[in-house]
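Shared between the two complexes below is chain A, which pairs with chain B and chain C, respectively.
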Partner chain A sequence: MATIELHRPRGPLAELGKYGAVFSTTVRTQLAYAGEMALRTSFLVIILYVFLQLWQATFAAQGATAIAGFGVAQMVWYLALTEAIVMSRPRLSGILDEEVRSGEIAYRLVRPYAYAGYHLAAHAAERGLRFLVNLAVGTALALLYVGPVAPSWSGVPVALVVAALGALIDFLALFGIGLLAFWIEDTSSVQLIYSRLVMLLGGMLLPLEVFPEPVGSVARALPFSTMVYAPARLALAGGDAAWVLELLARQAVTLAVGGALVWLLYRAAARRVNVNGG
Partner chain B sequence: MATGLWRTLAFIGTYVRLNLQAALEYRVSFWAQVFAMALNDAMWVAFWGLFFARFPTVRGYEFRDVVMLWSFGAFSFGLATGLFGGCWRYATQVTQGALDFFLVLPKPVLLHVIVSRMSVSAWGDTLFGLGCFLVLARPSGEELALFLLLSVFGAVLFVSYGVIVNSAAFWLGNADGLAEQVQGALLTFSLYPGSLFSGAVKVVLFTVVPAGIVTWLPVGLIRQWDWGMATVLVAAASASVGVAVGVFYAGLRRYESGNLLAMRS
Partner chain C sequence: MPPAIEADDLEKRFSAKQTAPGLLGSLRAAVRPTYRETVAVAGCTFAVDAGEPVAFIGPNGAGKSTTIKMLTGILYPSGGSARVLGLVPWAERRTLAYNIAAVFGQKSQLWYHLPPLATFDLLARIYELEQREYRRRAAELIELFELGPHLHTAVRRLSLGERMRCELAAALLHRPKVIFLDEPTIGLDVIAKQRIRALIRRLNTEEGTTVFLTSHDADDVEQICKRVIVINHGTLILDEPISTLKSDYLQKKVVDLRRHDRNGGWELEQLLGVETLEQSEWGLKLEVDTAAQPIERVISHLVGRHRVADITISDPPMEEIIAQIYQRRPEAVAAGAVATQVGVPRGDD
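On to the complex of A and B.
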């Protein structure tokens, strides 16, 4: 009787292939809910309209044509970009929280992939898709409300890199908050406060130049600004080489320190997993 | 009639007490949610503080006016969803055919549906709203009394709007996403200065998405009392209750049971 030997594919490509499969499966899953995703972009219609009115009133009251180097049109485009970034954030902490509380994490841990790697691939797929949809809707709305503005063509590619690194920093933070479910009753409160810090100190509603001092300097020094303000600013107005290098260095340090902390947290959490029954 | 009213109030009081007791079973989680929501609101007001530090007046609104808007909006929304949390999210129950529990009990169905749930974080809004008003707006005694009185009307309007919007599920089926978006729109517009909007948008904001009535009008009354506007507010709140009750029971005639065998939790 012939026997069939089963081989588990090995090597870096096979490893990457697994996460690629998670990525593409998540994209297909999200596309199945395209209607819901489109419905959620209706918030962009409202918030961009509200801020168009707010900035028009503010510029008129100041008698100014530019504030912090931005005119009304640039302010609206800035908001369209920052909203596209912030609204694309999936609820990763909530998913991890549920997995920990329901015990589903025990089943995930025994599967042939890294737990964090699985979530990173799924998170990247969902976030990337949502970002594209939000960006498309935000662009259409900004064109409708204020017309086109000239982007910084040299800044756009750098903005994409900075936005991707910012999303990775955000992933680490959300993953860490989700893991806190091993120790605290409810992580949704921590998640809410973290999200508000990203939105407000990240410069989602106002470019950081508009913040009074010393709040502006503090906000610029925090990692939140590298996730939201920096990519939008780079795409619209560009930035000098020194600032871009400093920005990338800060993101690299944040990733290294944040990654180490989350890894330690994960190791501590994994020791607390109890499996009872099947 | 007085007995009926007393019984209804006792019913609401008992439900709120039980909801609170259930939420306090997870005491740390309860206070974490309350604190986080209050902090969340405080951060938004801090944002406005930064904005008005740079631009002191925008179309007649100053920082104190926005503080009043946020205080009033948070306090009345907190009251609405803290006491009647079901009003803001019962569309899912309609879609799942999970209203059977309420239909077989000898209490008004709508009242029972909306009082049966409590938003824990709403108490954070309520505490923040009152605290923010007292600390940042520094009201006179008269302003504080008006704030508390008018918040009741604000809460009634929030509850009515939630009931009307969620009732779309009776006709559309899966309407929780729609309800969430429309309710989000009401909250968003309610917390920005009303003087920013004009023309057709302003008409929409006093009718379809009535942010103008829910927060701008009461805050305008606290700033400067006007009997005509006060009458409009009372009439709008009364009419909203009538419309909410009418729409809910019209929808309930279309309700289909999901034959769910489940204990209410």
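On to the complex of A and C.
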């Protein structure tokens, strides 16, 4: 009996190539939203100005030139960096939620790629592009408001690695929350809580050294701090080798545990697909 | 050659939360949810040969899309088995994906803010096509589907007909052996529908692609397919060549006429096989049994007696065809009745 000759995957390079193509196509589509991106960065103008005023008042009231090792200028630069990180986070959970509810997930699942891999490539493209724009605008504003500060030249490359790993942890969390759409009607409340935790306990507004104890120690121990506080701190003030190693080890453990949990969640979700609209 | 698609006692059940009407009902549903199990597909068995164009039809909620989604590996079945191109779809989804395509008429696979060519380029990488092969195939499809003028226009600016041709071309880039078409002509005008049908027919005859089509449009079924499988309440009720369906169930046509004048009656008494569905001073809707009365004679009769402003001829709706099948096959009604819904309170799952 004759058999049908099937196309099969060509190998790991071709597999990687398809995620590269998703990445570049997402960058192209994001450029179509250039106006929206510019509008979003205008928020930085306001928040950096407000915090500049607040910090100046706080330093004057305390008669201090530095709080927790940071002067006014460093505080503004810290905020510019953390805002650039936080504001670059795409609404991945919302996208997944919408795909599940609208039934668009059907088109994702009939393609020869990994569903998570597709979203990781698209997420990285959107996040990377937004980060570059936010960083450029944040840098320009910080220069305008408080002038330059000397970065930690040894800390900047480490900060980039830590920021990339932090973004990967954030992706896993957002992807996991999005998958909850298979069990709960609407994931927006979970997304909201998670985003607020990243902002507050991640140290977006204040360096964690400023937090009172025991909140500061708890925040430093949680993964959120490795996404926001740690890269900004490393870029501005550097860090000793022991702390950097501890940070990277914590990120590796978070990625391993988080990755395993999300994989289990995805396996369970795949069996619950109930494509809407037909 | 083994069948391209085989389904054996394929079954899918869903459970959905039920909410009673009113505030009290919503509160009760929040505290102690009740779930209702729906049998979407109740043990379907059929096979489709390689290269065969088959219509899989039925009214809304019959289980058509659910069956397609099980055959493409998107949904896990609740029971039974299936093979597409010899693969178990839900277990070998990714290998199967290289060899099949699906077009869902109500959803788009094209990137909305980018030109169609950007989606084509992306799909070429996703399906791991060699650049030379991709260029050749894309050129072929662009010419066949007349996409040249639209290739560099953002998808959001294309008409529905133009977009649909792009959707089909995108689905065909990797030369799928089986294509699942779920309402491919929905929302299109008559001309656009004709073009899409002609393209699908050409794809089937020239490339030997197996076509598995669902549609509510009887013309899609008639013009594209050679065999029809009818499903209702998740149960197969008919599996016959299209010629049999045409002679048995599609011999009726609906004529809708508007006239300029309102003088005189409609004078239909001498026409056999013609039933008046609606009638007013200005308009008339008839059902013509073409086995008893050629449609041309009815038209010439009407045009000869009235100043006709507008006239359309259409097939009876799919629901009516299904109703006719039921009338002639009472056993199908009994089978459909089995696929009922059962309320079951339960905890989280």
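Please note the rule applied: the second predicted complex is superposed on the first by the 265 of 278 C-alpha atoms of A that agree within 3 Å, B and C clash if a C-alpha of one lies under 4 Å from a C-alpha of the other, contacts with A are read in each partner's own complex, and residues count from 1 in each chain.
Convention: contacts are C-beta pairs under 8 Å (C-beta built on N, C-alpha and C of every residue); 3 or more make two chains touch, one makes a residue touch a chain.
What you are looking at is a predicted structure, and each value in this text was computed from that prediction instead of being measured.
Once the two complexes are overlaid on the shared chain, A:G17 sits against chain C while remaining clear of chain B.
When the two structures are aligned on the shared chain, A:V50 is found in touch with chain B, with no touch to chain C. By the touch criterion stated above, A:W243 is placed in contact with neither chain B nor chain C.
Residue contacts after overlaying the shared chain place A:V110 against chain C, while chain B stays out of touching range. When both complexes are overlaid on chain A, the residue A:T29 reaches chain C alone and has no touch with chain B.
No residue of chain A lies in contact with both chain B in one complex and chain C in the other. By the touch rule above, chain C contacts chain A in their complex via residues 1-2, 4, 14, 50, 64-66, 69, 72-76, 85-87, 93-95, 97-102, 104, 106-107, 109, 111-114, 118-119, 121-122, 125-128, 154, 174, 177, 182. Note for the complex: chain B touches chain A at residues 26, 28-29, 32-33, 35-37, 39-40, 43-44, 46-47, 50-51, 53-55, 57-59, 177-178, 181, 184-185, 188-189, 192-193, 195-197, 201. Of all residues in chain A, only 36, 39-40, 42-43, 46-47, 49-50, 53-54, 57-58, 61-62, 184-186, 188-190, 192-193, 196-197, 200, 205-206, 210-212, 215 touch chain B in the complex they form. For chain A in complex with chain C, the touching residues are 1-4, 6-10, 14, 17-18, 20-22, 25, 28-29, 32-33, 102-107, 109-113, 270-271, 273-275, 277-278.
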